[in-house]
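First up is the structure itself, then whatever we jot down about it.
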């Protein structure tokens, strides 16, 4: 056969391709967990503690149990006969943590009993009718107080409420002993320094607030001894593993499904008690059950993020060269360790090297239990905290030395020719080229113009400041040696009859647009139309294996697995194509995919259509020697290293002199996430990250009162950015590919969240610098800023 | 248990009659009774706007309306927005401009935007940002949503 | 998220609503837009046994002007008030304040009658009504009763309204030189401090003024010290000194995460000045 | 949250002290009391229908009178809990003579939990002030009645 008149197919990688996910989402046709209905389905409601710390003296479920339509009421102690303590995903010591409290409650919102009823209204009524009597214990809400001897303790065996302590320093860690190298160099650096910066800073507690609350539907089929769990999760495969273990089942007896998931931001990584409870109660009740979280429950029980207190010291020479860093970090992890709780703050220290050559570092970390909701990953997970501490300190140093914030950073950058670069914390940055990124940001933002604008505004009596930050972060988490759940990702690629392609990915998206970017990659790989490709995800019965989506790993690890599987499938297609072209004596190695055909490179007349070859693969007559029919290949991709994207953010903030209200006037982000598959989607990821990072800087904070009562447990008091609170963002990028995966892509999901937070606070501090202000705690509450202005008599 | 109340609501052009418990929220009537699950619930204090529908042409948070209050009204949900097979300009705008990521806030956001453009067919960027301030989005940083609404406004002005 | 059960009656007329209110006793509550009551019910902070739906009753609708007096029916939504050409021309403070309540969806459902009767300490309209010296019309089993706004708002969530009475509307004299300025709590959009100023201007001089604050204290109330200081003051220059003591004069000030007592007192002065300046700018 | 204030009464402080700790007086002065029982000396249990306008609920409460030093001072520990959560208050009451009457100073540390703490924060101070005011008005009335 000779060439057909097919249209030339444009290359899609690098193009702003519209998302393939969108038609169902914009028409209300997507299926989120709460949209799932099963015949005979019952509904769960949890009775939750409204005190922060106490012993459960009694639970009276009788009134609830007697209500019409109530199938079952069960207490934590009763449930413990069916469900043991929950597993965690880190190697740190952890106290027992039951899905439903058995004897003691340790934070407001901890469940104490569960109702199973015919509908959710009845379930709520019944949960309200449960009476619980507690012997209240003193609550500990301040981690520094919690560590004091004599403070109330949450868990036996964890003296002074300390969960994890770690220390490293000097010129690095000795890999043999895992002990710090000679530490005296740190003290020496601080003794010899020309200038010191020292600051206590809080990276406050945040609520992730994915717009879709959590939810789970569980169906245990007794006859099949088979459990299906639909959950709003970022990682259905981890859910399958853990729920199987908790239920005493094998993974072959459990199907976990992440249907459409309405955002995660890290809080849907953890496998929660409600997921285990739903599974167990479906088995107990003999019916499918559903639980949907309401927003108040989300504030109380879905993991929080951040909450790190940092005592940061920086040593430098008078020319701005940084000579040492000391960081003592206290992480308030809340009442329990859940899946990755204890690991998150360790990332803070790992990344506190930032983009700088730091000769010596000392890092101390203490993770402390308090009577609050457990913490876990929140967009950036440990890195925003570290970069915030570092970038605030560097900014303070610049102010101390009266240096331009851009120039002090430039002076300390790791030079481009030193990559791969080994940091003091033992990481190896894959690639980087920081100066061009800084230069581009300064140019895009018109930094000199901004300074002039600021000065002109000040001359008019306005309070205006500019801020800059430069971050590097760690993405594409892998290899398995550093990720407790496994650092690989899995993908499968099947070429169907007719030449269509179905691919599966274990990177389970919840807004990231993988169905589009992955299809773009396959379309280019096979040179077939985008419409001919389906990307499946989120169902363990369809996607053989997987880890999940977190740590900006979809593209760098999941995408790499996809390309690896596609490579194998492509090789087989070429073998079938060669077999079809026996008359022309074609070798598979000479073949390429081009415009819907498989052809000899440079000789389009020697070709078969992709569809013809696919059809042949399923009816291979004669079957080429040594081959199996069909084209369905899979790949586990294990990265050799993480990736280290970076970027420069610049902002301008104005503060109302009379009210202290801050307004973000300008936000520029120049990011480098390596090669970009879909710039439209990358822009969207950066926008969203910026909004959350700005949210932390300006608005958001989970606040507890002294008794451990949360006072920001609704959208009425937890301030999140709305459209009118944000300016139009100005984006640009540089491209420094990573060598650690074949795509050269580094990951971008969290970038915006990491650079913007210190950037905006730096701008606010700059605004108030004429008032003698050197640091402001987040968020930039109007009253807090107003007080800083008042303390200086309202005059700058 | 209170007495069930008979209601008839015209939803997306179809008359729907039912006996409902008085406390049944409109959003649950749409989602549970009519299976119109495109309307979502994102909070319980009437702040997030994910549940926004049009009641007699005006945007409303269907989590803060009892189904009985909508008796006799015309309700339009995201499922009723496309005209036959053709997307509404706002749906098209959200698609073209990448105005959504996880999609959870999107139906409510679009219904709010319908209300906005109805009242102000050529809004400025600031007016758009103000006009959707009853809707929270956690994914997009709103910028592409603003672009999407501008895109739709331009298209609607042309036609 | 889920309210407790209640009985529901839809009133076909105000008279029927009054009868139902009497029959229902203390457990009966009126429901119009529901945007004050339903959020409370969903949190189970309010558990009325009977809801009487008066939404959309024609008798409670309309915005009219008669001889300089403007009357607004209780069931008018904030959106309708915001869009009223009559109000924009003759009492722009009312239209503007309504246009900035909550968000578009809330404005489409929430009614002026509901807002006034609920008297949330952070609600905007009560201050405007007090500043305009509005009269609130009530209907009860014994007929109609009229209450001046400043007497109507008595304490937190507490108004001069019998359990068997209905707010039917509000009326006030047309007034152009009036403005409302607020410091918004960004999440809830309630006023941390909101001040309404209505001025009688004679050229650049204020002959008399009514100024009222909401958000800062338990309920909307007049700032009589400011009013006194404004009489005879030249504006806008005199606004700052007239407003200076506004916050200190309050005998009780709300406090929460978003604003301490000290801050709210200070902001009361700031927004009093801003409201006066804006009102004077209209003169 | 700390709530403090003072209140003037016409009667002498012995009378006031007695009235303030008289279960019958308390039962009639506390808002919405449906049941008020002395369960032990100086310990009471009650059921109250408390609230303002539509924000109203049924609470079961415990009142304990401690550190009595008649006619000068005492401490009250009050606990109330209902569906939307609960309130706990630890109050110190001091009575001093002033002119012909009595001045009462009170200072209470009030703690809320549950929905009340979560969503009622911005209303709590105002509501407490209003309820305390209602209580005192009633006591004042009874003082005047006794005096008359």
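Per-chain residue numbering starts at 1, and chain names A, B, C and D are given in the order in which the chains are listed.
As a working rule, contacts are C-beta pairs under 8 Å (C-beta built on N, C-alpha and C of every residue); 3 or more make two chains touch, one makes a residue touch a chain.
It should be emphasised that the depicted structure is a prediction, and the values quoted were computed from it without experimental measurement.
Participant: Weigh A-D against A-C on C-beta contact pairs and write down the one with more.
Facilitator: Counting C-beta pairs in contact, A-C comes out ahead.
Participant: Can you work out the whole-Å distance between the CA centroids of subunit A and subunit D?
Facilitator: So the centroids are 50 Å from each other.
Participant: Need the CA-centroid distance for the pair subunit A / subunit C, whole Å please.
Facilitator: Subunit A and subunit C have C-alpha centres separated by 44 Å.
Participant: Once you find the CA centre of subunit B and the CA centre of subunit C, what distance in Å lies between them?
Facilitator: Distance between chain centres: 28 Å.
Participant: Pull out every residue in subunit B that's touching 2 or more other chains.
Facilitator: In subunit B, 1, 21, 23, 41, 44-45, 47, 133, 135 touch at least two other chains.
Participant: What are the residues of subunit A that contact at least two other chains?
Facilitator: In subunit A, residues 121, 128, 294-296, 711, 714-717, 720, 722 touch at least two other chains, as defined above.
Participant: Name the residues of subunit C that each touch 2 or more other chains.
Facilitator: If we look for residues of subunit C contacting two or more partner chains, we find 1-2, 4-5, 43-44, 187-188, 256-258.
Participant: By the document's touch rule, what are all the touching chain pairs in this structure?
Facilitator: According to the stated criterion, the contacting chain pairs are A-B, A-C, A-D, B-C, C-D.
Participant: Taking the touch rule as given, give the residues of subunit A at its contact with subunit C in the complex, in rising order.
Facilitator: Answer in residue numbers: 120-121, 124-125, 128, 294-296, 658-659, 661, 699, 703, 711-712, 715-720, 722, 725, 781-783, 786-787, 790.
Participant: Touching subunit D in the complex: which residues of subunit A?
Facilitator: 50-51, 108, 128, 296, 705, 707, 709-711, 713-714, 716-717
Participant: Along subunit C, where are the residues that touch subunit B in the complex?
Facilitator: 1-8, 10, 31, 34-35, 38-39, 41-43, 51, 53, 55, 79, 83, 102-106, 108-109, 187-188
Participant: In the complex of these two chains, what residues of subunit B are touching subunit A?
Facilitator: My answer: residues 1, 21, 23-24, 31, 35-45, 47-48, 50, 77-79, 81-82, 87, 91, 94-96, 98, 100-107, 110, 125-126, 128-130, 132-133, 135-146.
Participant: Write out the stretch or stretches of subunit C touching subunit A in their complex.
Facilitator: So the residues of subunit C touching subunit A come out as 1-2, 4-5, 43-44, 183, 186-188, 256-260, 263, 266-267, 270.
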